[in-house]
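To keep things simple, chains are lettered A, B and C as they appear, and every chain counts its residues starting from 1.
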Amino acid sequence: MTTSLFLVQLINGLQYGLLLFLIASGLTLVFGVMGILNLAHGSMYMVGAYLAWYFVEHTGSFGVSAIISAIIALLIGIFVERTLIRQLYRRNHLDQVLLTIGMIFVFNALQGILWGNDPLGVSVPESLAGAIPLTDVLEYPVYRIFVALLCIGIAAVMYFMINKTRLGMLIRAGESNREMVECLGIDIRKLYTIVFAIGVMLAAVAGVAAAPMSSIVPGMGEHILITCFVVVVIGGMGSIKGAFVAALLVGLVDTFASVLVPQLSSMMIYILMAFILLLKPQGLFSS
Amino acid sequence: MNTQVSLDLEVMLETQGLCKYWGGLKALDDVSLQFYDKQLHGIVGPNGAGKSTLLNMLCGHYQPTRGSILHKGEAIESIRPWAFARRGIGRSFQKTNIYSGATCLENCCVAVQRRMGGNFNFLRSRYTQKVLDEIATEALEKVGLRHRRDVIASQISYGEQRQLEIAMVLATAPEVLLLDEPMAGMGHEESQLIIELLKKLRREYCIVLVEHDMDAVFELSDQLTVMVDGQHLTTGTVDQVREDTRVKEAYLGQGDEVF
Amino acid sequence: MLFNKRTERIFIWVFFPLALLMPLFLAENAFYISKMTSVMIFALFVMSLDYLVGRCGLITLGHAMFYGLGGYLFWMIAPEYEAVNFWVYTFYICMIASAVALVIGFLVLRTSGIYMIMITLAFAQMAFYFFSDSIEFGGNDGLFIYVKPETSIFGLSFFNLDDPVHFYYLCLLSLFNTLVFFRLLIRSRFGRVVDAIHENPGRTTALGYNIFLFRLMSYVIASALGAYAGYLFTLQYGFVNPSMLAWTTSGSALVMSILGGMGSIYGAILGTFVYEGLHYTLEHLTEHWMLFMGALIIAMVMVFKNGIAGYMEKLLEKRS
């Protein structure tokens, strides 16, 4: 492998990893704080991508479309938490698995009804089109770099929120001790609604960001969900820091595997996961 | 310092310099004790003294950070948790820990079956072997629960559940009984039942009893160990411990008036 | 125990005679025979999952791995253009699947709860990509089985697998035998320990049981039967493809098991038939059947926690 090819793959891997982090962070946040395993998380990624397409078609502006999509996702998150997820806090994992499988069915059906099953595409916004040269012969698309920076930005904001703000303090408290938060006189249900909605929004934003980079197809949610599972399990369930490290790891392994060992490429991340779980059954950064 | 008197009995269980650290916290620090056969050894101490930690290590639930546990002279601290029970070290739990969906008989049957074999018999019905039922019934008889044999465990009273808990341990045919607060949460009369039961049992087994009810411990113990802050304070007969000024200090210091 | 013997007996006495007589009325209609057969095969698969999840408390999202494995194994070990003996190959496939389950179970059962859900899923995905990415195994299109096995024992052959009605009866017999086997297993002394572990693993360890061993054993048994179901599926349709081991197969089997009443074993048959029946009906009524199916699953979690078997028993209790 030449140096420049290596460089491109490295950036590709990091960029993919960062996007994975965006989705996986929502999954791990919801699990860490609320103890809910949300299998429908990938569906929100899909919904984000479809919403982005829909509003780009109608407003013509990718930026406007992104903002509207994020807000809609937030509302969906609040609605789903209020009506369904709320019933599950005291139930076992099995019920959670089932309910969220049911949600996947519903989201997939709605997607079919609203947008059909043909692949769709969103073009890269003009201001971010083009590419910057890496070496004499290689260049890299601006949009992908933009997405990577956006993910880093969101990760930084999350880090700040969790460590420095009151909401973050409550989230951390909620992770370690539910009763304590309730004793502080805080309505834990409100906290849960907020956390779930943020999780959903993160997945949808990732979907929006990914829309111009890949085609929008039915089933894209499930595929990314499983990859995010791998990230979350490797990182340690509920650990945001773990999700960050694991997402980059998975992004790099997946990208390089497809170049170096193409016949094993799709299996590689699962092999990685099995290997890490053998060494550390609770993941890298379990609390 | 060890004030423990040497008795002319077999040492069943022994700890040597046993330590358990949780991060920086020393839950148990350098505890060396000997437990004799056919004796009841009480362990008391204020909350957080490390009594339960000690018991949990004696039965293999926790791994010691340092130190060793000897059963009849053999080091057993690194064997698997389930192997403790097979060596005849049975335990009861502080919180009632039974199969509440099954009958009392079935609860004991699970305990008996372990040593009767046939655990990997996939096809023969569990209800056909009468020997198993009989031994299980005997265990129930011992704790006075025979009349509750066919009642679902969740339907009997709390005190009876505590008795069932002991019956299950007895059904494993142990040599050592580790009892973690068997009288916790019981009324006076129910406690009395357990005390009578332990009086019967203490000449048959090596019993280690962790208990908050001081009257009961004083009444029952042949040997008594006082623990404070994860450390061994003193061990001796009930009278010796009663006289010990350090014990009074330790308890008064905790603002816990028990003596 | 939640599920009582009487409801089960009623179900068995209604279901099996009906299933036994069905081909007499529908022999002309090949479609229904084949549909019924495939539902029974899947019910067998769901039953093995029901045992694992409902009786052993081991929640897995990767059971379909063994379903697919059953099919691929047959393709791998059977000669391509020669009819092999059905019973011999049933034995081979169950044995190989058991060996695989022994290794995977050894890894998977070290974890529990949510971690186990995820790691089983990961192994299943690994298997999925292994088969769907390799050219030797036909990739996404899968593989065809050209010759069906013959079923003679000591020269006597009761089933001709090329005849759909014969194959129907073979599957019915398999389903019945599996049900009986699980009933015996649950009542056995092994079953006693499994029940004890499900209800209170900590206590069972304290009584001296190595619970890992019992869980592993259960995992192996359920996996071998899961593979057997996959083998039957492959024989029915004459092909095997990666979608058999997709995680959605595990997911829908889980839904069927819950729908029937988790841990009741016979409920697996009920759940599978009701689910497939609804699926079939909705699919014909509307293109968007998934919406109703999804809503149904959600309603099930919210309202009918003990599935159909639980509901039936409540009804019977009220009457008596």
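Quick note on the criterion: a residue touches a chain if its C-beta (ideal position, glycine included) is under 8 Å from a C-beta of that chain, and two chains touch if they have at least 3 such contacts.
Only a predicted model underlies this, so the values are computations on that prediction, with no experimental measurement involved.
**Q** What is the minimum number of touch steps required to go from subunit A to subunit B?
**A** When the steps are counted carefully, the minimum from subunit A to subunit B is 2.
**Q** Max contacts between which two chains?
**A** Chain pair with the maximum contact count: A-C.
**Q** If I average the Cα coordinates per chain and compare with the overall Cα mean, which chain comes out closest?
**A** Centre-most chain by C-alpha means: C.
**Q** With centres defined by CA atoms only, which chain is the most remote from subunit C?
**A** When every chain centre is compared against subunit C, the largest gap points to B.
**Q** Which integer distance in Å separates the CA centroid of subunit A from that of subunit B?
**A** Comparing mean C-alpha positions, subunit B is 50 Å from subunit A.
**Q** From the C-alpha centre of subunit B to that of subunit C, how far is it in Å?
**A** Result: the chain centres lie 44 Å from each other.
**Q** Measuring centre to centre with CA averages, how many angstrom lie between subunit A and subunit C?
**A** Roughly 33 Å, centre to centre.
**Q** So in the complex, which bits of subunit C are touching subunit A?
**A** Contact set of subunit C toward subunit A: 53, 59, 61, 107, 110-111, 113-115, 117-119, 121-123, 125-126, 129-130, 132-134, 247-248, 251, 254-255, 258, 262, 287-291, 293-298, 300-302, 305.
**Q** So in the complex, the part of subunit A that touches subunit C is made up of which residues?
**A** 31, 37, 84, 87-88, 93-95, 97-99, 101-110, 112-113, 222, 226, 229-230, 232-233, 237, 263-267, 270-271, 273-274, 277-278, 281-282
**Q** For the complex, which residues does subunit B have touching subunit C?
**A** The touching residues are 59, 61, 80-86, 90-91, 93, 97-102, 106, 109-111, 113-115, 118-127, 129, 168, 172.
**Q** Enumerate the contact residues on subunit C facing subunit B in the complex.
**A** The touching residues are 1, 184-185, 187-193, 195-196, 199-200, 202-211, 214, 217.
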